[in-house]
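After this come two complexes, each holding chain A, first together with chain B and then together with chain C.
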Partner chain A sequence: MAASRPLVTVYDEKGQSTGKSVVLPAVFRAPIRTDIVNFVHDQMRRNKRQAHAVSTKAGEQTSAESWGTGRAVARIPRVRGGGTHRSGQGAFGNMCRGGRMYAPLKVWRKWHRKINLKQRRYALVSAIAASGVPSLVLAKGHSIETVPEIPLVLTDKVQDIKKTKEAVAILRKIGAWSDILKVYASKHTRAGKGKMRNRRTVMKRGPVIIYDKDNGVKKAFRNIPGVSLLSVERLNLLRLAPGGHVGRFVVWTESAFKKLDGLYGTWSKKSQQKADFNLPQPIMTNSDLGRLLKAFEIQSVLRAPIKRQARRKIKKNPLKNISLMSRLNPYAAVQKRSTLLKQLKGRRTGTTAESKVAARKARTHKSIRSNRLSGVNLVKKTSTEKVGTTTKTTTVATKTKTTVATKSS
Partner chain B sequence: MVRTRFDQASSQVQWMIIRNTSSFLHRRKLATLTTEPNNLKNRNTYRYNGLIHPKVVGVEAVKNGNGVVFSTGSVKNIKKPLKRFHKVKLTRDSRRTLTSIRRTIRKQSYRKDLKMAALRRASALLRGQRLAATSTTATTTTTATATTAGKRSGKGAATTTTTSS
Partner chain C sequence: MTSNEKIPIPKMNRSRWGHPLVFIASIIGLAGSSAVYYAQIRARQKARNTFLEQSFYKEALELTQGYKPITEKLVEPIQPLQVDTTSKFNILSPLGAQKMQHDDVIWSVLNGQFCSYKQQKSKTQIFCANEYNLTGLCDRRSCPLANSQYATVREEKGILYLYMKVVERSHYPKKQWEKVKLHESYIRALKQINEHLIYWPRFVRHKCKQRLTKLTQYIIRTRRLMLKKTAKQELVPIKKKAERRETRHEEKAFVAANIDRAIENELLDRLKKGTYGDTYTFPVNAISLDEEDDESESEDEKEEEEEGENEQESEEEVEYVEDFDESDAEDMEDMGDDDIDEELIKALPLSKKRPLEIEYESVEIPVRGAERAGIIYCYATRNSPDDEWHVDKLEFKASNQPERYLFYDRELRRKSK
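Let's look at the complex of A and B:
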């Protein structure tokens, strides 16, 4: 089981890899449930709230009474007595000046939220898992392009440093300084009243250092803007998923990293430190859709893909479209032709008996021959000539065309 | 049920997380765009995303100079951001740049679906550089022209300060 999990190299304070490596704790394979993280984060955020309320007496410290009807004034309770501006003014209502507000805030509002233990742990585990995915850390906005490896594990020497100068040097060497620079760049004054309530500046979050034993780490790193410090034993979702979004840049110390398996368990072994806890089961063991679709087990059961697209067919009207009609009724073409001919037959084409005779006479061998030969070069001309006269001759013209073609070939 | 084969969430899972929440996302009235590196069209889609996939193609302009940086993601080093990208500076003429990109993608069969997108992006970047060069020579002053070709708007504007003709 350990062989299937990859090894993570440990880096020293100079950013160089020591020879050592640690097996990736199973937490990093836990399902990443951003919805649970968001919900739990939302609930947890309410737990630091301090109660606030409006004074119970506010707006009620009058003995006002309504004047009733018939006095040409609104029926709101009015302040008794006289001799001051206040007399006769409306009181008590939320709409009145100096009146009590609508639904005065009470201290006994439910400020804190209970969250189910399982949910809390699930969220935490998801947040840790997400911190091991470089794309999620990048998407969160951290600059980790210069970091040697994700998850980033440093030697335990880091836990012993006492000076902030050393801390800065370490961050520089491991390539985390660009993230801190981002924090510096993001410092600005808060919008809103928080400015005057001791919350003047706002800035981004940088990396979080997770340690096992605090031999000075906390004090060394805490003055660097953006950096958070966490002990492995007490991981905080509000720090691991700030804003409710997963993927904070985490720097682990070696002993902290090694403790994770004992804290959260592997699937085959329960957690040793949390009562009755094991990592949540993913819904899909294999979520790589690409591989699934190519897998033999699935491909062998699929039917062949239908590649031919059935395009929209425009329905044409057979009554208008003769080729469609003859597809449906082959005799239709014959019918149409015969009717056409009949129509032509009966038409007055201007050919009388005499003109017919004359035409027959003109149809000498010579004339026919010359017409045929003239069709070689003057195909168009002959057709236009013929078209001017009867329809019968148009067919003749086409005939010459074809004959010319055969002759030339 | 240990996920034995993959050492991190699959690209599908990552996409489901990133598609709506990402520091690179810019949702605007006209379109949703992303400014993550190695997104060839700056489009917020699974295919074009530059963070999720092990195999990734990126084309960016060379800062303060001419040419294009062509980066491909190394599949081995997904977890090692320092070694993740193999970047090549292509500073010769555009024909060579484009053929280099085209051949790398085609011969290695490395994200062939991104081939045209990579070529177009490189072409647009190079064109912008060419235009910037000619405009500065025309005015004979060294100006930092922030040409906003559509493809370049997401990144810092490439500044061509000197022209040596």
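Let's look at the complex of A and C:
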């Protein structure tokens, strides 16, 4: 579905849209892999380094010898001879004054890095793709609020301008001037020794102009602070993702924009200018995770979410917890209630001595009576009576039982 | 159940069953489902044909014939899909169809790598400096960059606006935000928000309303404060460093200006001119103000001269140093002590460059009572040229006081009495 790629309108140097539009190159659909960009940028940055080292002779130009033990001095080599301050001073060690440093720097350090071609290309492709996403360009820090469209494509006339004045006018018209004002505002002196090493001022990066044929563009734009210029044929990751962060503000010329498809290929057609290269495959065809997860196809296969998790129950003691006890033994509640009532009864009548005595009397009377009825051995009774009573008691006993029951219930 | 009885054909919906035979067939159950199936297809075909024959369709076709396809606008025609069988990358459209910007992709870049609006000033909270942010926090739902459909309420000069952005305009930064002026009445503004964000996610809608509330309160407060007096005063912060610097500069400037000297000169000028008339009795012409003369002399010489002069004259001459304080120059009443000529020396800093020499033989210093009261004058006296100078202080008391003046030195006091 190459046809599903959108169209990008071409703007003229006055910031108005010409009627023309170009199909968006497939590069802008490539996966944006910031990790690869970061890595490759990091490696690439090392390639411009110049070797530096410390002199091999530094700190070694003495014939110092250690005095050994027994002289009440530390055992580092000391300078021979006499008659000068230097004699007897420590030498050679990195801790000594005037000694050689620890691990003296050598020129044969690995200054440059090899990066795999595919990685390089992947990073570049990601950087280009990111430059087409307005959010990422904004996040990088460019002020593109006044730009008519992203990606911004200008007519080929821009390639022919020769004067910086015209260049500035163009930038103003297309709404990129605010970004350059930001560059002006950010100019400051570098912190550190770079000041005296020809790197005095530091400033932000502005837009990058990518052209196909240089008929004066480079010279026209190069004096404007912040602006970088690149040819499509030789795109530089260090300019497209400065600092290792994707999303630089890019201004394309029409012919440059059209060349991208040929340079990087579309998935269905490989690159014509790079040998055996096609755009990297994304891992997900549809990376809108939010939408995917809500989709019916996935939701229908999932189990229901567990909203309330059953946690471990604390075991409660029935002897202390009445509700639990009554669940186990319903009569327990009854029993408890009766005891409570009894207690309350006693409380209501009061616990005076008289009442206590009376209560005890009542109890004993009751007990005596019940015993008599039940046939418990009482001293006063005769045996005959006993017999008679026993028969009686059987019937009565049941009675009493019931009465007791009724009382307690 | 097959039956030979003829079932009367019931009334049916033509559209649903198609051919009447279909219906019968289904009822009878002849030849199973296949008959029904094919019949249905045929029915559909027929329906389509009837549609195609309709007049409105023909009209539409005519209209579209005049329409030019968008491909003609292109600089180059879209290439037909070429399936390249040679390369191993022969994978078709689904990949090319991947959208350019997915919010999730953007968010993973912003959250993970770099976002210029991200402010992490505290350990607990990350803020977003983007002016369109609803909550002010940096998170997935509030990020205006990572949500292609977003809305905010913003205040400009006391007027509230609703800003909305949709996916369709995401590639046109200039036209991205749709600005709607909200009603002045809070309740109506709420309704407006409900209207405009009717099918929008609940989060955005809710936060917009919250923001509206906050902003209206803020506006009310601002208006109230503006009416107060303090609002008319413009508060300017004090810059410590600048202040320190300025005070030091001021001090230095003060010292450099030599105000004393300027006043000196001014006063002497006035004296010379005669603006004071007879107020001061000392001979004005004796006062020398020539800078050139003085500069030629060295300081030591001057001092010697002065001392010499002092010794020569029997009467007391005081090196009278003109000063900004006129009080000492003024007339004083004769104290009544002839032996001692009291002159005034004000214990004030000498202007070393040009010490003024005023030579006079006798000075009458009239004292005006109340004005001189409380002022302590320092003076020097000596009985004879051979004696040493005796420095003393003299205090004049108020006129109501029994004694008009009081010598500090007891001896002198006794003498005067």
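Annotations for the structure displayed:
Here is the rule we go by: the second predicted complex is superposed on the first by the 314 of 409 C-alpha atoms of A that agree within 3 Å, B and C clash if a C-alpha of one lies under 4 Å from a C-alpha of the other, contacts with A are read in each partner's own complex, and residues count from 1 in each chain.
The criterion applied here is as follows: a residue touches a chain if its C-beta (ideal position, glycine included) is under 8 Å from a C-beta of that chain, and two chains touch if they have at least 3 such contacts.
Every value quoted in this text rests on a predicted model; they were computed, and no experiment measured them.
In the model built by aligning both structures on chain A, chain B clashes with chain C.
Looking at the shared chain after the overlay, A:Arg71 reaches neither chain B nor chain C. Of the two partners, chain B and chain C, it is C that touches more residues of chain A. Once the two complexes are laid over each other on the shared chain, residue contacts for A:Pro282 go to chain B and to chain C alike. Judged by the touch definition given at the top, the superposed model places A:His188 against neither chain B nor chain C. With both structures placed on the common chain, the touch criterion links A:Val22 to chain C but leaves chain B unconnected. Once the two complexes are laid over each other on the shared chain, residue contacts for A:Pro134 go to chain B and to chain C alike. Comparing the listed stretches 189-197, 297-305 or 405-413 of chain C against chain B after superposition, the clashing one is 189-197.
When the two complexes are laid over each other on chain A, chain A has residues 1, 4-6, 24, 26, 28-29, 32, 34, 129-130, 132-136, 138-141, 144-150, 175, 245-246, 266-268, 281-282, 285-290 in contact with both chain B and chain C. Remark: chain C residues 70, 73-76, 78-79, 81-84, 87, 89-106, 109-110, 112-117, 145-146, 170-176 touch chain A in the complex. Here chain A touches chain C in the complex through residues 1-7, 19-24, 26, 28-29, 32, 34, 38, 129-130, 132-136, 138-141, 144-150, 175, 243, 245-247, 254, 258, 266-270, 276, 278, 281-282, 285-290, going by the rule given at the top. The residues of chain B lying in touch with chain A in their complex are 1-14, 17-18, 21-24, 36, 51-52, 78-82, 84. Touching chain B in their complex are the following residues of chain A: 1, 4-6, 24, 26, 28-29, 32, 34, 129-130, 132-136, 138-141, 144-151, 175, 245-246, 266-268, 281-282, 285-290.
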